[in-house]
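So, here come the structures, one by one.
Look for chain A in each of the two complexes below; its partner is chain B in the first and chain C in the second.
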Partner chain A sequence: MTRLAALMAALAALLFLASLAVGASDIPVLHGLAALVTGSDPLAATIMRDIRLPRALLGLGIGFSLGLGGAALQGFLRNPLAEPGLVGVSGAAALGAVAVFYTGLSAFGGFTVQLGALAGAAGAVVFLIGLAGRRSSPMTLVLAGVALTSLTGALTALALNLSPNPFASYEIIFWLLGSLKDRALGDAALALPLMAAGWALLFACASALDALTLGDDTARSLGVNLPRTATMLVAGVALSAGAGVAVAGTIGFVGLVVPHLLRPFTDERPSSLLLASGFGGAALLLAADIAVRLLTTGRELNVGVLTALIGAPFFLWLVMSNRRVMA
Partner chain B sequence: MVRRSGIRVAAALLAVLAGTGAWADGALPTVHSLNLCTDQLAMLIAAPGQIRSISELAIDPSLSALAGQARTYPANRGLAEEVVADQPDLVVTGAWSARNATDLLRSLGYRVETFRPDLTLDGIRGDILRMGDLLHRRDTARELVAGFDAELARAPDAGCPAAFHPRLLVFGPNGVTEGAGTLPDTVIKAAGFVNLGAEPGTGGMAFISLEQVIAMRPDVILLPADDPAAPALAQKLFSHPALKASGARIVRGAVDAALWTCGGPFTARAVTGLKRLKASLPGCRGPGS
Partner chain C sequence: MSGLVVENLAADLGGRPVLAGVGFRVAPGETVALLGPNGAGKSTLLRCLAGLIPASGGTAAWEGSGLAAMTSPARARTLAYLPQDRVVHWNLAAGAIVALGRLPHGASAGRLSPADAAIVANAMETMDVAHLEDRPASAMSGGELARVLAARLIAQDTPLVLADEPAASLDPAHQIRLMAAFRRQARQGKAVLVSLHDIELAARWSDRVIILRNGTVIADGKPDNAITAETMAEAYGITARIGHDECGLTFTPLALTGNGD
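For the complex of A and B:
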């Protein structure tokens, strides 16, 4: 582990603990942590174990997935604007989850909603690689992503508006601007194994990503199997991003911002960025999720709103500086 | 203006005449209702043939306590145009609903009577009697109020100690609870519960997080009666393990939401339902249930 990755891991761990300490009810921090471990005070234990722990775990896992996925996509597509949320992967995952959940197919239980999200995410990555290709300009990718995001967003809204359940249409906001509020441990238990499998696939691509920075031909001569790498990457991003979307909706911009912030501190090899970016993403999402709880009481702000508020100006700045480079 | 005041004078005359019983059934004023709550009062009080139209919300069983009966009347969408086509003697609607239609109809010279949402039991009595006067059916309205009071006087919780006031929290879809001053708040208090939703001092409809629900230590958590046919995340929250772990009694369907969405004689049944629930709690085991 590089020093940068270790630093980010420490930061994420600190924010994980802080996330456990923040909530609507006033439980003294140490008392709450003691109740979490020992179960001494039943009321505090319920709040810590059933409400705050799943939230912190999902913040950690989803943030890690977004940071790692962003770094891997940016490396593979050699495109600074690649990010699961921005290029439509998260939106497609949300559409897949919505299609399964609101039609009642989720009554078959277990992983059905997750499978819907994974199918959506995988379809989007395949579509993007097929349409924009790896040698396309950043603009082509972003335009394809914008088209995909709008289309999946519109279809999600359509599906929810057509639902006979009167509350479904209010849930459009959740799927487009996600939230970690009031998730259960069961949600985390469904999402984390899938995410971990995705992480493993993405880390397995690390050396191939390094070789690809030298160009496809050089990479091939170094023994990189390009179709195999692409397949692993698609599956890895779909698993890690899709599993998160299925439980927390679309949380944007984390995967865009974090790799860019951390890249200057690495040796510019994609592999050295992956782990640091993962922990950095976890730290950013945990911090944002703490902020929404502190900023608003009562009807809580969706964390996806906050990450978009931070991320969108950053994205704009990135596009501007990109245009200067290309001009 | 002249026409409007003329109509008011005529209406006052009509009311006086109705009070004396000088009107035959055939001459009762026809009514067009644009609001879910006035729909239900009108349906309970009007004579056959008096109701020309009620709002389409009245046939929704999740909102309306009289959904079955509502199907027998022509439904409107709350548009002024429908009223003009219908030419009723009287239009009844909510004080806050379809304001544009209300203003437009008044300027066209229609008599429009608005009802504020009922927030108290006395408010319900007053609105029943007012609708009775408007429809020239005062006797029917009085009978309804008597029935309402008789239902309120029922005490299936007679066996409970007088000082037994369990702490109840309504937890609706998306964490909506019933704050201070709402009709459900009135019903909960009338049944002898403490309404925890009124505690944060928010007033009206309030949002609470799952964590606040647990931290309030409710004795009873009241969830909506039934899930709608199609799934939504709003209902998924009700199966969150923290609710079960809270130790509170989780109750579904002790109150049909339609009974306290609008105030009416039926709202007394919500009070009785909660009293029955109270009688079944530990701390109140005795006769009278």
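For the complex of A and C:
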């Protein structure tokens, strides 16, 4: 682990504890953790288990997925604008969830919405690999992803347009904004194993991403199997980011900003950015999720709104200040 | 069958035949220069040998095993390829770029074993870029970047070395250093095939010259035999003054053939 990655991991761990400590009821974090383990204080234990722990775990997992996925995609596409949303996986997962809301299947409860989103993400993988996986250049993947994002966006808009009742539209819109609020431990249990599988696939691409720094031809002459790398990458992003969308809706800008922010502190090899960017993403999302709980706006902001609200101007500032270096 | 053996090789680009019936050999220990006008098929030939585009006919084999049938990792330990365009997408330092040459040998570019680090340091010394080790790509001149990328090629340390116009944009001293490095690699038992546009450089620093025109080999032999008034007229459509001095062949292009001046 590089020093940067260790620093980000420590920051994420700290914010994870802070996330467990912040909430409507006043429970000291150590007392809450003790209650969780020993069951000494049933009320505190319930609050920790059912409200704060799922939220903190999902913040950690989703943030890590977004940061890692962004760093891996930027390395693969050699484009600093890439993020998990770019390849269309998030859009397809969101469409899958929206389809469940729209058809009223969500009334069955359980994990119907989450499963709908996962089905959407899986569909995106099949589409992307079918279209761009074989004999692919990274450019084909970008174009296929952009096409998929537009198409799923249009279909989501269509679902809103034709929505049978205002309540369904409201549910869809609220869900699309992205939030970690009111998730159950079952959500984390569903999402985290899928995410971990996705992370493993993305980390397995590390050397190929380094080789791609010298262009497609040199990378291939260094032994990189481009179609296989593209397949692993798409599957890895779909598993990790798709699972995140399935349980929390779409959360933007984390995957774009974090690799950007951390890259200058690495030796610029894509592989050195992966772990640091994962923990950095976790830290950023946990911090944003703590912030929405502390901000007293009458009603809690969705964390996806906050990340976009802060992320977009911040990204612009980053691009402006790096303009001379990047040109 | 020893070394690189190419037989009757053909390749298409976008449905247009670019190579047809190309056959030649490069033995271990040899430096062979690939000459020919723009569009003759030099880059296509090198890319085809490197497995980047499929051959439409014929075979290319290293020490008896077909290059096309090799897995990409096995090919990456058999041959190293330096493309013509010099791309470095992120702002890596020279040392990190050269270290990428060790990837096919199982090294992670972040943590090199002492043996890998020694090979990288030696390759950087060879291309005179050791002093650039910590300099990021964005702060290098075109010639410096070309030498760093050539050092990456050498660090891959494969028995067959393919380089596409590695001397372009190098100053005369570094052209000589580059060719001397290739020759030294050949002396260590490697086979080196390098495409060039500088005919004198090719003649003086290679053991053999292959001239391509319209996708076929029109001359293959020792520089003195391959570079003649006839082949220069046929390949490039030029007349030239070809002479000899104590260092070898001298070459001055004079005029276009069929053109009064």
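Observations
Note that the second predicted complex is superposed on the first by the 245 of 327 C-alpha atoms of A that agree within 3 Å, B and C clash if a C-alpha of one lies under 4 Å from a C-alpha of the other, contacts with A are read in each partner's own complex, and residues count from 1 in each chain.
Keep in mind that, in the parts below, contacts are C-beta pairs under 8 Å (C-beta built on N, C-alpha and C of every residue); 3 or more make two chains touch, one makes a residue touch a chain.
As the structure is a prediction and not an experimental result, all values here were calculated from the model.
Once the two complexes are overlaid on the shared chain, A:D50 sits against chain B while remaining clear of chain C. Contact with chain B, but none with chain C, is seen for A:G186 once the two complexes are overlaid on the shared chain.
Contacts of A:D210 after superposition on the shared chain: chain C is touched, whereas chain B is not. Once the two complexes are overlaid on the shared chain, A:G23 sits against chain B while remaining clear of chain C. Applying the stated contact rule after C-alpha superposition, one finds that A:G130 touches neither chain B nor chain C. Once the two complexes are laid over each other on the shared chain, residue contacts for A:S272 go to chain C alone; chain B is not touched. Looking at the shared chain after the overlay, A:P227 reaches neither chain B nor chain C.
With both structures placed on the common chain, the touch criterion links A:E171 to chain B but leaves chain C unconnected. Of the two partner chains, chain B is the only one that A:P42 touches; chain C does not reach it. Annotation: chain A has no residue touching chain B in one complex and chain C in the other. By the touch rule above, chain A contacts chain B in their complex via residues 23-25, 42-43, 46-47, 50-52, 101-102, 104, 106-107, 163-168, 170-171, 174, 181-182, 184-186, 298-300. Of all residues in chain A, those touching chain C in their complex are 2, 78, 206-207, 210-215, 217-218, 220-225, 263, 267-272, 325.
Of all residues in chain C, those touching chain A in their complex are 47, 50-52, 72-73, 75-77, 79-83, 85, 87-93, 96-97, 100-101, 103-104, 108-110, 136, 138, 149, 152, 156.
By the touch rule above, chain B contacts chain A in their complex via residues 62, 173-175, 202, 206-212, 214-215, 217, 228-235, 237, 240-242, 245-247.
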